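Right after this note come the structures.
Same chain, two partners: subunit A is paired with subunit B first, then with subunit C.
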Partner chain A sequence: MATLLECKHLCKKFDQKVVLDDVSLKIDKGKIIGLLGKNGAGKSTLIKLINDLLTIDSGKILFKGKPIGVNSKSHISYLPERTYLDKTMTIAQAFKMFSEFYSDFDAERAHKLLEDLDLDESMKIAKMSKGMQEKLQLILVMSRDADLYILDEPLGGVDPATRDHILDTILSNFKEGSSVIISTHLISDVERILDDVIFIDKGQVVLTGSADKLRAKHKSSINDIFRSMFDAKKTH
Partner chain B sequence: MLRKLIKYDLLWINRVMVYYYALTIVLSVLMRIAENFTGSVMGDIVYGILRGFVIAAFANVIINAAIRIWVRFTQNHYKDEAYLTHTLPATKAQLFDSKAISALISTLTAVAVVIVCFFIAFWNNDIYTYFHNLVEYGNAAPIIAGIFITSLLEVLYIVIVGLFGIVVGHRSNNGRMLRSIIIGMVLYFALQCILLAAIYAAGSFDDSIKAMFSNNPQNSIGLDSYRTLIIISDVIYVAINTGLYFGAKKLFQKGVNVD
Partner chain C sequence: MQVIQFKFDNERPIYLQLVEQLRIAIVSGAYPAGSRLPSVRELAVMAKVNPNTMQKALTELESDQLIFTERTNGKYVTKDQRLLAKIKAELATDLADNYLADMSKIGITPAESIKYIKHKGGQ
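Presenting the complex of A and B:
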């Protein structure tokens, strides 16, 4: 299967603290991958490096065989943990901005998602709750026909009742043949949609593989495998 | 891409600045009108108050333009909005240039508003005669234009030195804002010393410039010396501004670490 994204021996330190230590991984086309780990394991740092939000201390990140840059940013749709929109804008203005900057932005899909998620395009972002702003960002990100969607804790600030709705929105809107990386510590909520998993702990990749094969091998759910791995580590 | 980035930067900066510009123009016009009623106690009081407001409005326009440029740069490149800015399909050079060009346009606009309002509020024959006498002979217009150009370059210098401080300060992982302010201020004073030293050095070749450092310049400086002063200042400001621009851009292109 063709490789979409490849990280080679990535290292990142903040002052003397090592946050990522020799991380190497490959993301294939057409997969939904769970980037799983506890809080502070290094998931967000890895995602920020892929999105050019942090400088790499050593190692390489290749997207379709080329270093990350304008080309990768044109084809990666990224949902960060933070609310990143200019609060003085309305939803309609945010749509217009995305249409101007991203040639793959599908305004029609965005309007449909807006209706599904009960938002009105005349709403000012500053007057929306944090949850509504997160929904809007999800709409903007999922309305792009990207090759890779990177979703950092998409369920983090969402109540359990809305989580399934968010996951369904992700599943029914990403471009066919593209890949999705979902970073989360809420494993049981995303487990049902994952093809592959990457476990990350203390800045290192500790386990990767197909979700189905791991479930068969360990005869338990991904959530249980995760718990047993990290609970076992705690006891040592 | 650069054009689109500049559009959004200018929209953000000027969303507030237009109100300050309008206020400054209105105050200047009111002051000019109030000038016709001076001579009475009430007329003099109103004129005096408006004069104070107009001067404060001039300072406000320049200071706020600089602050909004710095805030836009910081928020857009290092705070929450950076998560969108740095994932747009644009190069780091384009991201930096959009801020630099919008800073240049915004500074030009702010200085232009102050100049226009200065003419509306203050310009009269007495001021013209003052400038005329100041240069002893000849047409005062080139000197006045030169002073305005130098003022523009000075304001631009303040803005760019601030941007340089932000870029260098944010390369650190801790105390980024404090470092940005300290670096900007130290650099500002250091480069001002270089400018002063260059003018002092020019005094070796021009006695009236040398006299500035010991006598009242208004009584001793001539038209040619004014020209020399303005040219030296402008050349140094252009060199410093260009150096700071390329230095900050090069550092920025090495990558950022967002908060």
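Presenting the complex of A and C:
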């Protein structure tokens, strides 16, 4: 299996606080991976390092075997935890901005997704509900023809119906050869669509593996495995 | 395209549950002998699972010869009626075993259990 992304011994501190502590992991091509951890575990920091938005203290990140940088950015489509869209824009203007920024933006796909998710081009972002804004962000990110999609908490604060729409959108746009990293603490909502999981806690990778193999081994859901690991630690 | 309702619990491997439910869809005739199955992607979206997981389930059904791949045309249900009947009988036996095990939990013997079935059958 070809490796798409590799992190080697990553460390990151903010002031004196260690946020990532010797993180090493590999992401293969063609997989949906869950980056799972509690709030503050280091998930978003790791994602920002992969997207070259923060500098690495020590360690390496390789994308298709080469250090990340300008080249990797154009092949990674990133959904940040917080919106960066200018809310005075309409959806049509956001589409235009994306197609100017990213040569791999597929306007046809974006329009189809817009229809599937019941949104209209003329809508102003400021007037849309939180769930609608999350859908729009996802449409923008999934409409790029990228090698790697990184979705940071794509289900934060949306209702169950919207959550299903978002998962459907991720699945139906997931194409052969590309990979998706979904970072979330809402494990039970996403675990069914994951190939592999990476558990991260206190800045360290504590467990990696195939979701189905872990279910077979522990005879329980990924959510329960996660909870038993971290709830047990709490009692010490 | 024949749409199937999939249902999962997260405590067992998803691909195994897909294998079980697709097997039922096939022996029940929802996907009849010799018919073409929806594509991996269509089935994955239907079941709301990862296409890789669906592929793994289909590979397992294929190694059981319940489905076969026609080089460029996709996957088809076997035309082998004898195999379909055999798998249906296996599933029925499993269900009967489960029934008897449940009855034994409430203190009813297999011999007595049959009476309940006959009663249901209107005899």
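Rule of thumb we're sticking to: the second predicted complex is superposed on the first by the 236 of 236 C-alpha atoms of A that agree within 3 Å, B and C clash if a C-alpha of one lies under 4 Å from a C-alpha of the other, contacts with A are read in each partner's own complex, and residues count from 1 in each chain.
Note that a residue touches a chain if its C-beta (ideal position, glycine included) is under 8 Å from a C-beta of that chain, and two chains touch if they have at least 3 such contacts.
Note that this is a predicted model, so its numbers are computed, not measured.
Q: With subunit A superposed, do subunit B and subunit C clash or fit?
A: Superposition result for subunit B and subunit C: fit.
Q: Figure out whether A:E100 sits in contact with subunit B (first) or subunit C (second), or with both, or with neither.
A: first
Q: Per the contact definition in the header, classify A:L194: touching subunit B only (first), subunit C only (second), both, or neither.
A: second
Q: With both complexes superposed on chain A, which partner does A:L117 reach: first (subunit B), second (subunit C), both or neither?
A: Neither partner.
Q: With the two complexes superposed on chain A, say which partner A:K73 touches: subunit B (first), subunit C (second), both, or neither.
A: First partner only, subunit B.
Q: Looking at the overlay, does A:I32 come into contact with subunit B only (first), subunit C only (second), both, or neither?
A: second
Q: Given the touch rule stated above, what does A:K219 touch, subunit B (first), subunit C (second), both, or neither?
A: Touch status of A:K219: second partner only.
Q: A:L207 contacts which: subunit B (first), subunit C (second), both, neither?
A: neither
Q: Rounded to the nearest 10 degrees, how wide is the angle at the Cα centre of subunit A between the Cα centres of subunit B and subunit C?
A: 160
Q: Enter the shortest inter-chain Cα distance between subunit B and subunit C once the structures share a common frame, rounded to whole Å.
A: Across the overlay, subunit B reaches subunit C at a minimum of 27 Å between C-alpha atoms.
Q: By the touch definition above, which subunit A residues appear in both interfaces, subunit B in one complex and subunit C in the other?
A: Overlap of subunit B and subunit C footprints on subunit A: empty.
Q: Please give the residue numbers of subunit C that touch subunit A in the complex, ascending.
A: 8-16, 41, 44-45, 48-53, 56
Q: Hey, which residues of subunit B end up touching subunit A in the complex?
A: 1, 4, 8, 12, 15, 80-84, 86-91, 173-174, 254-258
Q: Once bound in the complex, which stretches of subunit A touch subunit B?
A: So the residues of subunit A in touch with subunit B come to 14-15, 48, 51-56, 69-71, 73-74, 76, 78, 80, 82-86, 88, 97, 100-102.
Q: With touch defined as at the start, can you tell me which subunit A residues reach subunit C in the complex?
A: Subunit A residues touching subunit C: 30-32, 164, 167-168, 171-172, 174, 188, 191-195, 211-213, 215-216, 219-224.
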